[in-house]
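One chain, chain A, links the two complexes that follow: it is found with chain B in the first and with chain C in the second.
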Partner chain A sequence: MNVGSLFQPASIAVVGASRAPEKIGHQVLVNLRPFDGTIHPVNPSAEGEIFGREFVASVTEIDDDVDLALVAVPAPVVPDVIEECAAAGVDAAVIYAGGFAEAGPEGEDRQDRVVETATDHGMAVLGPNTSGFVIPGDGLCGSFASGVEEVPAGGTCVIAQSGGVAHSLAFQTLREGRGLSAMVGLGNRATVGFPEAIGHFDDHAATDAIVLHVEGTDRGRELLEASRAADTPVIAYKVGESDVGAFAESHTGALTGDHELYLAGFEQYGIPTVESTRELLDGAAVLGDGPLPAGPNVGVITAQAGPGIIIADRIQRSGGRLPELADATSEEIAGILPGITYAENPIDTGRPMPEFGDVVAAVAADDAVDVVLVNELYEDALGLPVDRMRSLVETVEKPIVFATDGPPADFEDDVAALEEMGIPVFHSPERAADVVSLLARYGALADGGRQEPNDERQEPSDDGTADSTGVNADV
Partner chain B sequence: MNVGSLFQPASIAVVGASRAPEKIGHQVLVNLRPFDGTIHPVNPSAEGEIFGREFVASVTEIDDDVDLALVAVPAPVVPDVIEECAAAGVDAAVIYAGGFAEAGPEGEDRQDRVVETATDHGMAVLGPNTSGFVIPGDGLCGSFASGVEEVPAGGTCVIAQSGGVAHSLAFQTLREGRGLSAMVGLGNRATVGFPEAIGHFDDHAATDAIVLHVEGTDRGRELLEASRAADTPVIAYKVGESDVGAFAESHTGALTGDHELYLAGFEQYGIPTVESTRELLDGAAVLGDGPLPAGPNVGVITAQAGPGIIIADRIQRSGGRLPELADATSEEIAGILPGITYAENPIDTGRPMPEFGDVVAAVAADDAVDVVLVNELYEDALGLPVDRMRSLVETVEKPIVFATDGPPADFEDDVAALEEMGIPVFHSPERAADVVSLLARYGALADGGRQEPNDERQEPSDDGTADSTGVNADV
Partner chain C sequence: MSDRGAADGTTASDAATPLDTVTRIDEDAVESIIERARAAGRTTLTEAESKSLLDAAGIETPDRAVVADAEEAITAAEAIGYPVVAKVSSPAVTHKTEWADGAGVALDLADADAVADATDAIREAAAAEGIEAEVLIEDAAALDAGTELIVGGMNTPSFGPVALVGLGGVFTEVYEDVAHRIAPVTAAEARAAVESLTAAPLLSGYRGRPPGDVDALVETVQAVGDLLVEAPAIDEIDVNPVLVSPDGAVALDALVVLAE
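The block that comes next holds the complex of A and B.
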């Protein structure tokens, strides 16, 4: 199956291309405008041009090789369109419409026909029941959703079972100015599922971390194996802990019940999991940009005790450890700050002071510490210890995360300087603690968790092929 | 005890006033500049003027009545200063310095002297070991922290055990453009603790919600009773679930161990609790601005299934309920949207469409529903259902919360219009679900939880007087 034709096409056919702005077949063309390959609008009822390209009646009438068909037609017509695509030698397709495996026996039959055709011809089919995909760095927006073409290029690849969640994640990165390397809504996963998407984007130069949104899949073991095999860090967000039974089943078949099994599977295969879209994106940003943690041990340095207690509490509840520091480290800190407020880990300096950066450096250099979390509310007279951190990151290869806050106008230069040198900055104690806890779990799994699994019972069971994508294409 | 003199002073003495910018006694004067009452800089070693006000050697030499002394001197000098304040008839004081009950026997003796003097004279003493307080609407910044004077006036009153956490919360509201009615860091609570602060701000016209950050207090029952007695909605964030023993004890005495007891106490007294600073502020904003929920039943309407599943899952795990809708409601929705994707609660419309607002209105009108959560990713061609919501909020008196996201420039007008009519908007499914879960818990407790407690064993036990404030004033 040629997944490369799906995600790196040179020529695209839009089947169901339309002049009517409310149609998906119109919005897809709008979103494709920055694409610098060939585009063929396909619609048997249309004539003339749209956006300067000639309508054709069928993909079979296109003379060029078409790599990818974006199929924006109603569900009943889709199986025939996919057969035409196969006959025309199209390598890949995206099917936006809902009304397939998630929608009763008739829909299941439709999906079976699509899968059979695609399998026979080795076609990579994304969807049905998806909003599509976006590769910002290539100016390639294969989604009909408005606005998602504005998401900037970044390092995180989103692979979401739900197109709606994929778009929510994309807009969150847009809001934070981070961007994505790719965004994929898998939908009903006709032939392109988690394993194929993970495999492709593991080799994608622009991708430095892969995040998964998982509701449930019939290929759980392949998902876990592909995640473990990836050289790129992978984080997973498994939803559906509580009984969302009737609702989820209407979208995902037998979603409920396997949640714990999935979590155990991810742990066994060395893939850390999170519990929100924000943790997923924060974790990807930190794992993608910075040095990877070698273990679960967190050194915390705080200039204010209250947020430090919140942070220490939260890290310990979320899989991180606060190790004892080496005697030499404690002595060094006592030398830097005689009479320090609290010299165990977490280190509490009581207030910011000029020596604060030296204390951070002493903790970071301790072999017992795999990840460093610094909490310091901004004080104008001192600023953040930017210069000391700049020399520190040149000598210590460990993730360092800052939690700080203050009047944005006053400290944004210091924050930008820290982020520039690979030190991510978060603006609440919990948000910093959550991302550091994720780093700690990643480090723990890296340390000992990514061995061959020996307990096949941990593998998630089959649970149907239909799923939620957040999109029922109204075409 | 005259807490009014503390929080609404007409004249202030700054003891330890200083020309040296790195001194707290300087920063306090800087932060007081917008205050339109009288200010007296007090320092026996200084002469002349600072910021146009004449230095005096002692509070006893001030001719006017002084309501409030801001005491910015080192700990060893503080007990004598408090005695001078008492002798001079000063009603209230803030003590910034650390080195009291949190700092061993010598510090405990110092705090005992302060408490004795204050109690004898009915002085309201905030601190020691605090960064102070801020009342943005009065231009009154009784904190030495830089930047906190920029926090705008809003409706939420923060009462935090830790000055550091108080400032973190204040900066978060600044970042979100929300602001505060008041911010108080209690510190060691010499004579002003949770009960006094809650009582005062319950009567504060600018305050529409009170949020508490609690580590541990020796007056747990009074805290609970003051919270229950308040007419203003109160939400609590109790920290210290995991063993943060040695660190916490260095700041709060015997913090650990009582966490579950506190949570049970809050529940028994009808005070909902949260697990992060963000939930605390989001909850206060929604409870303070909008109608209060009458029960725990949430109606969810989503235009995308994937985020809807995340929301339904999260609400059910966090104390909310998704009730069955009345038959009449289901019939109405079926009439609005024949062939709707999923017509139970959560309602899933599959995609946004022009009738989406009517579906929301049908759910909101159902008597089974106490709180409404709407999830709809923005689509340019439709916008958000602003007009329909405007007519809805005139007829239905229930909290309505939106989760949406999209390109900020495209939809900020719609978002502003919703917020203008009292519908708060959040930009991730989890954040909206968390605030709605808080509303549901508040509604559940309002429904049946705020009766007289009948089990005194639920009362948190004494656990010391010292605590973390995040500040050890370096004066």
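The block that comes next holds the complex of A and C.
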């Protein structure tokens, strides 16, 4: 199966292409306008041209090699269209329509037909029941939703089970100006599921972090193995807590719910989990941009006590640690700021001051610290310690996160300068603390499971694919 | 377990690679126990069969014998050494403690008379219910010598074999203090699961309690996971309680359910 034809096509057929603006087959064509490959509108009952391209009646009548078919036709005709695509040698397809495995026995039969054709011909089929995918950096919008083509290119790859969640994440990054390397809604996962998507985007040059939205899949073990095998940082958001175990003969059965297994499995396989779409994107931005944390120990420096307490509470509650600093570090800080409010971690300088950046640097250099969180409200007379941070990031390979706030117009240059040097800035103590907690969990897992996934067993294979187990995966 | 949304179209079954296991399992013994139950048309093993299966996976179980009557029971008890327990052993009885107004389990039998009485009571109750039943005579464990844990495992649709460890005994489902791991489980993973339990301090000698042999518990978790990996015919394994004492981890009760 060639997932590359799905996500990097040179030639696309839009099956169900339409002149009617309210049709999915129209919006798909509109969204494809920035695409610089070949586009073939397919519709047996249309003639002439649309957007300067000639309608054809069937994919089998296209002379060109078609890599990808975007199938914008109703569910009942989809199995036949997929067979035509297979006959025409199309490598990949996206099926937007619902009415398949999620919709009762008739839908299941339809999906079975699609899967059988796709499997026989090695077709990579995304969907059914999805809004599709978008790769902003390639101008490739394989989605029927309007507006997603505006999402800028970034480093985060979203792989969501739900197309709706994928789009929600995409619009969040649009609003924050961060952007995405790719956005994929998996839908019913005919032949392209989490393992295939993770494997592809792990090798995608523009992707520096992968975030997963998971509701549930028959291929849980493969999902875990693909996540662990990825060189790119992976974060997961598992939803659907109310799923309970269907087994009740034993205590074990009664105590084993699907949701618990996902959370335990992600932890076992070294993948940190979060509990909101915001944490998913914040985490990806931080893991993708900066150095990766080597452990769970957080050094906190705050210029105001109150937000510092919020931050310390939140980090400790969610798995991060606030280690004691080395004596030398405390002495150095006491030397910088004689009579300092509190020279233990979290360090409280009491107020912003010209030496604040030196205090941050002293904590960052301490070997006990894996992640640095700085909280400093903006003061016009001082600004943020941009110059000191620039020299710091050149000497210390640790993630540094800033929490700050102030009148946006006054401090946006300083914020931009920090982000430019790989120091992400958040505008509330909670948001900064949550992302630092995620870094701490990532660091703890890196310390434990991630680097040595199998202390006495075989490693995942070197080509980036996990060893498949096949254990009961087809139940 | 339900798959929200819909089932995946493809599976990994075409590319099956064996999972590595670490504990040593007597595969012939496992197979013959499973075959015997299958031949009798059963998917639920008796406690004695379940414990033999655990033996085959290297999990420690109490000395025991399955007997037909009081005379055999006394002979077995004397060979094992007093005190012993007597339990109903029948495919027809899965909830032994609730069976026949409590006749199904007799604890702390200190002499031959007590063993004979308990055995007769089980046989009479079985006769009254019209079921075939034998009697399991087993070395009595001193529960206050250790901490009761649950170790379990099951074959799941999404993840295949998984193992579980948690606070065991009668309050297992009240506190739901459990941790799961995907099997096979490494020693480090099993240890992390044990350490993640709220009840973990009980194993390190909390307020004068006997500390537990955590290494033995870790091996038990691994062995249960490995059993599921090696024998796909097994659907569920429930070992509750596992008594974890300074001397090791012993499976005091066990329930194994085979796939339909």
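Throughout what follows, the second predicted complex is superposed on the first by the 434 of 475 C-alpha atoms of A that agree within 3 Å, B and C clash if a C-alpha of one lies under 4 Å from a C-alpha of the other, contacts with A are read in each partner's own complex, and residues count from 1 in each chain.
Throughout what follows, a contact is a pair of C-beta atoms (placed from the backbone, for glycine too) under 8 Å apart; a residue touches a chain by one contact, two chains touch by 3 or more.
Keep in mind the model is a prediction, meaning the values are calculated, not measured.
Asker: Output check: A:441 vs chain B and chain C. Expected answer is one of first, second, both, neither. What do you get?
Answerer: Once the two structures are laid over each other on A, A:441 reaches no partner at all.
Asker: Per the contact definition in the header, classify A:178: touching chain B only (first), chain C only (second), both, or neither.
Answerer: neither
Asker: Under the stated touch criterion, which partner chain does A:304 make contact with: chain B (first), chain C (second), both, or neither?
Answerer: first
Asker: Name the contact category of A:218: first (chain B only), second (chain C only), both, or neither.
Answerer: So A:218 only meets chain C here.
Asker: Return first, second, both or neither, reflecting whether A:191 touches chain B, chain C, both chains, or no partner chain.
Answerer: Only chain C; A:191 stays clear of chain B.
Asker: Between chain B (first) and chain C (second), which, if any, makes contact with A:118: first, second, both or neither?
Answerer: Only chain C; A:118 stays clear of chain B.
Asker: Identify the partner contact of A:167: answer first if only chain B is touched, second if only chain C is, both if each is, neither if none is.
Answerer: It touches chain B, and chain C stays clear.
Asker: Of the partners chain B and chain C, which touch A:241 in the superposed model: first, second, both, neither?
Answerer: first
Asker: In the overlay, answer first, second, both or neither for which of chain B and chain C A:264 touches.
Answerer: The answer is second: A:264 touches chain C but not chain B.
Asker: Please write out, lowest number first, the residues of chain A touched by both chain B and chain C across the two complexes.
Answerer: Common to the two interfaces on chain A: residues 161-162, 215, 240, 243, 246-247, 250-252, 255, 468-474.
Asker: Give every residue of chain A touching chain C within the complex, in rising order.
Answerer: It is residues 100-102, 108, 111, 114-115, 118-119, 125, 129, 161-162, 187-191, 193, 215-222, 224, 240, 243, 245-247, 249-258, 260-261, 264-265, 268-269, 448-449, 454-458, 467-475 of chain A that touch chain C.
Asker: In the complex formed with chain A, which residues of chain C make contact?
Answerer: 1-17, 19-20, 22, 44, 150, 152-162, 164, 166, 172-173, 176, 178-182, 184, 186-189, 192-193, 229, 232, 235-238, 240, 255, 257
Asker: Which positions of chain B touch chain A when the two form their complex?
Answerer: Spelled out, the residues of chain B in touch with chain A are 21-22, 27, 98, 145-147, 150, 160-168, 171-172, 174-175, 213, 215, 239-244, 246-248, 250-252, 255, 276-278, 304-310, 312-314, 316-317, 341-342, 344, 346, 348, 350-351, 353, 377-381, 405-408, 410, 427-431, 468-474.
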